[in-house]
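Notes follow once the structure below has been shown.
Labels run A, B, C and D following the written order; every chain starts at residue 1.
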Amino acid sequence: MNIRKLALSASLCTLALTSLAPTQASAAAKDQYFPVLVYRTGAYAANGAPWANGYIDYLKLVNARGGINGVKIIFEECETGYATDRGVECYERLKGKNGGATVFQPLSTGVTFALTEKAPVDKIPLITAGYGRSESQNGAVFTWNFPLLGTYWVGADVAIQYFAKKLGGVANLKGKKIALVYHDSPYGKEPIPVLEELGKKYGFDVQLLPVAHPGVEQKATWLQIRQHRPDYVLLWGWGVMNSTALREAQSTGYPRDKMMGIWWAGAEPDVKDVAEGAKGYSALALQHGAEPDAKVVKDILSMVYAKGQGTGSKEEVGQVLYMRGLLSSMLGVEGVRKAQERFGKGKVMTGEQVRWGLENLNLDQKTLDAMGFAGVMRPVQTSCLDHMGSSWVRIETWNGNKWEFSTPDWYQADEKFLRPMVMLASGKYAEEKKLKPRTPEECKL
Amino acid sequence: MNHQIGDVILDLKNVSLAFGGVKALTDISFDVREHEIRAIIGPNGAGKSSMLNVINGVYRPQQGEIILRGEHFARMNPYKAAKAGISRTFQNIALFKGMNVIDNMMTGRNLKIRSNLIQQAFWWGPARREELAHRAKVEEVIDFLEIQHIRKTPVGRLPYGLQKRVDLGRALAMEPSILLLDEPMAGMNVEEKQDMCRFILDINDQFGTTIVLIEHDMAVVMDISDRVVVLDYGKKIGDGNPDEVRASPEVISAYLGVSH
Amino acid sequence: MLYRENGQFKTTYAADQQIFPIAQDRWTILGILLIAFIAIPLLVDEYLFRAILIPFLILSLAAIGVNILVGYCGQITLGAGAFMAVGAYAAYNFHIRIEGLPLLVSILLGGLTSALVGIVFGIPSLRVRGLYLAVATLAAQFFTDWVFLRIPWFTDNSSSGSVSVSNLQVMGWQIDNPVSKYLFCLIFLTIFALLAKNMTRCAIGRQWMAIRDMDVAAEVIGIRPLFAKLSAFAVSSFFVGTAGALWGFIHLASWEPAAFSVDRSFQLLFMVIIGGLGTIMGSLFGAAFIVVLPIVLNQFLPALGGVFGIKISTAGVSHAELIIFGGLIVFFLIKEPHGIARLWSTGKEKLRLWPFPH
Amino acid sequence: MGFFLETLIGGLMAGMLYSLVALGFVLIYKASGVFNFAQGSMVLFAALAMARFAEWLPHWLGLDSLWLANTIAFVIAGALMFVVAWLIERLVLRYLVNQEGATLLMATLGIAYVLEGIGTSLFGNNIYSIDVGMPKEPVFILDGLFEGGLLINKEDFIAALIAALLVGLLALFFQKTTTGRALRAVADDHQAAQSIGIPLNRIWVIIWFVAGLVALVAGVIWGSKLGVQFSLVTVALRGLPVVILGGLTSIPGAIIGGLIIGVGEKLSEVYLGPMIGGGIEIWFAYQLALVFLLFRPQGLFGEKIIDRV
C-alpha cells in the first residue's frame, strides 16, 4: 500500500465516520417525526413488508389530508431484519433525529423487550399493537409501553372462549387436549401462563410444542400431534412457520378446522400458498381483517396510490398485515392529535406529550367513522392504568381463497380473569426494577 | 570437557511396527550408550524415521519394548520421552511457522516453566523472572549455533539451511540428555554440512549429549559416529563401529553397493 | 521521519521483551488510551456510544477470546455465541440469586462459568480437528440455545424466557448513562487485552501457537495437547463469556437467547479472520470493521443513491449491504488473508523505512 | 408400533432430503477442499429462480402448460447455477488456491451473503410457491394392521425417490464418464491431477455447477413442500451434522449419514423431546454426530488421516 492509497483510504474512513453521526436537526422542528422500524429482508420479510407499507401509507395519507391539525409528518425507515441488536441500533440512530422521535413501533417482541428498558430514559412511548409484553398493559408500571388493542393474553383467552363455544360451553372443555404449537422465542411463550391458568380452571390439558426459529422443520411436531390427537391446535407462529404448520397439518391429515392461529398467524402470506389446504383454518383477528372496502383504504388508493406515491404494490393495500400496520400508524397519529388538544393544536408534540395523548386516547365510533375506520375496529379508550384500551377480538376463517369473519364474530377477553395476572406480573417487574408504580393522582399531571 | 562413552542408556528390544498391513519395522533390537554418537543408516524406506518415531513415542510399536535408563516401556509417548530428556529434530523441519526464532526456541524450554497461567496473564513476579531467565538460556544456544542475526525473524522466512539450524536449536534448548537427529544434513550444501557436523560433534563433546542420528550421506556418518546400525526394508542387517559395518557383506550388497 | 527506532538500544532482555519495544509505539498507545478514556467521553454523542462504541468494545473483547482459540491455538469455533450466552445467563443468575453480590463479581463469575463449559465442549478437540471441530462447536451453540429457551430456572422462571437487569453499580458508581457504560466496558477491554497480550507472549501462548503450527512437534518437545487445547478453550471461553455478560448487562439490559444465536458466532469468527488471526490488535480491527461497516453502508448507500438521483428502498439497501459485505469479505480474504492487522504492520514497516522503498 | 413406524418413515424421508444437501457439501469438498457454507444460499438462489421463472414465464410467453413452464424454469435456473459456478471460480476460487481451510470457509460465507443479497433483490423476498404437481394429502396404508392405518406422505415419498435417483445418477457420472474420472482424480490429489493435464479450473466450475444442480433439486423439493423463502438457507445447517457423521469425502456417507440423522432426530424429538421440553431435534442431531465423531474422528466413511513426521 503506498502513501497515496493510504491517504485515500484515510479520507474514505473519515467520510464514512462523519456519515455515522446522525445529523441533529434544529431544536424547533416544524414536522412531527415518525421513525419506522421495519424488516423487509430476512426470514420474516414476507410478513414485515406489508405491515411497514400500511404503516407508511397511512402517514402519507395523513399528510395528504393536511397533516395533524396542519402539522406535517416526516418519517424514516430503518431495517432491523427482526434482529434485536439491529433494532436497538436503529432506535438509537433515529430517536434524536429531526427534533426527536414521536413514537416507536418495532413489530418484534425481542426489540420491544430491549426498548422497554430504554424508552423511559429517552421519554419516547412504545406502541406495540398486538404484541410485546402482555403485562405492559399496566400503565402504572410500564409507563411508556402501549400494547394497544390487545395483548397475547387477550388472544389466548379469546382462543379458549372460541373453543369452548364450539364445544358448546366451558364445561365441555374438561378433559380436552389443546396443543400449543409455538415459535420458540419470548413471542411464542407469551400465552403459556394464561393457557396453563385456564387449563387449571376448566380442566383441560395443555400440550406445549415448541418450534425452533425460523420454523421450517415441523415434521416431528406434527407427528406428535398425530400421536396425541389433541382436540384443538393453537398456532402461535410468525413468518414461514405458519404456512409450514398448515402444510404439515395437511400432510399429516390434521383437520384444519380444529386449528386456530394468533393474529400474527392469520394473514395472507400464511395461507395463500397453501390455499385449499388451509381451508377451514381460523385465526384471531386483532379487530380488523382484510379490509379492501374500508373507507380509509379507498382514501389511500385515491389520495396516495393514484398519485403514484404508494409504498408497496396496489394489490397489497387492504390486506391483513397491511391493515395491522395502518392501524398501528393511526393509533400513533391519534396519540399526537390527542396530545395537541391539550398542549396546543398545530404544534409539534414531544414524546412525553404524545404519551399523555396515548394515555388519554378516546376514539369513539363517531371519530372512527369520520376517519374511515367504520367496520374495521371498535372504539378504543385508554387510561393511565390501562394502556391497552380495548380487549375485543374477532375470529376469521380462511375459505381457501380469502379470509372471512365467522359469526358471531366479536369476542371480549375476560378482564376479570386477566387483570390479576397482569397486576401480578407487572408487580414482579416493578419489584425487580425497583420501580414505584404510579398512583392515579400522579397520572393526572 | 571430555565425556567417556559409558553404559547403555537406551535399549530397544525386538521392536516391530506396522501400518495397516505394511510392515515398517521387523523385530529390531539395538542399544545406545551414554555420550556416544549412534547412527542409523539405510536406503529410502528402510524404516529409519520410523525407528526414531518409535523411540520418542510418536509411533506406537505393536511389539517389543524400550528400556530407558533401566526403565521398561512397552511404548513411549512423546511427553514421557521429552520428560526423560529425549529431544529431536525433524527430517522435514517441523518448526512453528507462525513464530520467530526466539519463540521457537523458547518452546524448547517449556518443560522447565514453573509459573502458572494466572501468573503469566499478569506478567507477575515468577512468570516474568522465568521468562527472562529462559531467554538468557536460549540466547546461549543462539550464540552456540551462531544465529544471533536472525533471532527475531519469523522462521518461515529463513532459508532451508538456517531453518534446520533453528530446528536443532529448539531441540538443544531442552538441554536433552539424548538427542535424536533425523537427517540433519539432508538438502544442505557442502559448507552447511560442514557447519552442521561441527555443531553435532561440539554438542556431543561440550554437553556430553548422547546423539542418535539418521543420515543418508555415508561419508559423514562414517566420520562422525561411534557406532552404526544398518536397516533395510525394516530389518536390521548390520550393527557395529563404522569399520565393521563397512566390512559386512550384507551391508555392502544392500546399501554400500549403491554409491551415493 | 517520526517513526524511527535507531538510537533505541536494548540493554536488558526485560527491555527487549516489552509489549511495545519501540518507543513511538508506546507513545501512540498511551495517546490512544488518553483519547479513549478522556477525549471521547467529553466529545462524543449518545448515538455513537450506544450504537457503535459500546458494541464495539464488547465485541472486541469477545473477538480477543475467539482469537485466542482460533488464531493462537488453531481450533476453529463456530460456537462463540454459545459461550457469550453462558456468560450472560450465568452472570444473570449470580446477580439475582445471591443478594448483594457486587456486579463485577457477577460478571467475572459468568466468565468463569463459561470457561468451565468451554472446557467441556473443548474435549472433542482432543480427537477431531479442523472443520470437524468447527461443527462440533456448533453442537454447543444449538445446545445452549435450547437450554436457555427451555429450562425456566436459568431465566428465573420468566414467562417469556427473556430476562433483564437494572440498577447496575460498582462501588457506588452508577452505570446507567452511555458514558459510564462506555467507560465500564473500556476498562474491561483494556485490562483483558493486556492479560491476553501477556498470555500470548508467555509460555502458555507459545504452547498454544506450537499446537496450532505443528502439533506433533509440539508434543515432542513436551507440550501436552490436552492441557494446551483445553486451557485455550477455557481462557477463550472466559473472555467470550465475560463479553457475553457485558453484552447482556450493559449493552442490552434485557435479552433473550436469540441475542447470542449462531449468527453472532459467525460474526465473531468474521471479526478475527478479517482482523487478523493470531494478533490481539487484529481482534480490535476486525470488531471495528464488522460493527461499523453495516451501519456505514446503511447510511451511506441512500446518501450515495441520492447523489445520483436514485432512491434506494430500505430493502434495497439491506440487499446491497449483504452483497457488499459478502463481497468485501471475499475481497479481503483474497487480497490479505492475514487480515487488517497485517496491513497495519506492513504499513508500519513501510513507515519505518520511508522514504526508501525497501 | 404403528406410530413408531410412522416416525421412522418420516425420519427416513427427511433424512433423504438432508442427504441431498449434504451431497452438495461433499461434492465440493471432495473436488476442491472447500467446505462450502454457501450451499444453503445456493439452494435458496436456485429455488427462487425456479419459482419466479415458473411464475413469470406464462406471462411472458403466454404459456398455459404448467409442465412446460416448470421445465423451462428448471432449465433457466440450472443455467443460472452454471453462471454462479463460473463466477465463483472466476472471481474467488482461483485466487484462493492452497489457502487454509478456515480462509476458504470464510470465503464461502462471503459468497453466501452475496448470493442471498443478489437472489432476494432479483427475485424478491416474499414467500413463493413451486407447484410441480406434488400430491399434498396423506394416504393411509395397512389399515388392518394398525389402528388408524399407517400414514404415508406421498410428497415425501416422491421427494425421497427423486433424491435417491439423483444420488444414483451422480454415482454413475463419477464412475463411468471421463469427466467423472477426472473429478475423482482431482479429489485425490490436486497437483498430481494437474500434472497429468487435467484442467483444474474447468473441473472446479463443473463441480460447483453439479453442486448447484443438486442445490436446485433440493430447492425444488423443499420449495414445493414449504414454499420458497429466505429460511431455505438454514437447510445448510441441517446438512452439517450429516456430512460430519458420514464423512466429508464420502458420497455413500452423505446418504447413510442423512438417513441416520433424519431418523435419529425425529425419534428423539418424538420420544425424548416431551420429557425434557421439546425442540431438541437440532442439537440432538449435532450431538449424535459428535458422539460418532469421538469414536471415528473421520466420520463413518471418511478417509483416515495418518500424520507423517
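Here is the rule we use: contacts are C-beta pairs under 8 Å (C-beta built on N, C-alpha and C of every residue); 3 or more make two chains touch, one makes a residue touch a chain.
Keep in mind that what you see is a predicted model, and the values were worked out from it rather than measured.
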item	value
Central chain of the complex, centres being mean CA coordinates	C
Farthest-lying chain, centroid of Cα atoms versus that of subunit B	A
Cα-centroid distance, subunit A relative to subunit D, in whole angstrom	36
Length of the line joining the C-alpha centres of subunit C and subunit D, rounded to whole Å	33
Distance from subunit D to subunit B - Cα centre to Cα centre, in angstrom	49
Mean-CA-position distance for subunit B and subunit A (Å)	73
Per-residue multi-chain contacts in subunit B, two or more chains	58, 90, 94
Two or more partner chains touched - positions in subunit A	40-41, 45, 49, 184, 210, 212
Contacts with two or more other chains, residues of subunit C listed in rising order	145, 149-150, 216-217, 315, 319, 322
For the subunit A and subunit C complex, residues of the former touching the latter	1, 6, 16-17, 19-22, 24, 38, 40-41, 45, 49, 52, 77-79, 81, 83-85, 88-89, 92-93, 96, 109-110, 113-114, 116-118, 121, 133, 184-187, 189-190, 192-193, 210, 212-213, 425, 432-434
Footprint of subunit A on subunit C - complex, ascending	45-48, 50-52, 55, 96, 145, 149-150, 159-162, 164, 166-167, 176, 251-256, 258-259, 261, 263, 292, 295-296, 298-300, 303, 313-315, 317-319, 322, 343, 346-347, 350
In the complex with subunit D, residue positions of subunit A that touch it	40-43, 45-46, 49, 184, 208-212, 214-217, 219-221, 223-224, 226-227, 239-240, 243-244, 247, 250-253, 269, 272-273, 277
Interface residues, subunit D side, partner subunit A - complex	3, 6-7, 10, 14, 120, 125-129, 136-138, 140, 151, 153, 155-156, 222, 225-227, 229-232, 234-235, 238, 265-266, 269-270, 273-274, 277-279, 281-282
Residues of subunit C defined as touching subunit B within the complex	12-14, 17, 195, 198-199, 202-204, 206-207, 209-210, 212-214, 216-224, 231, 235, 278
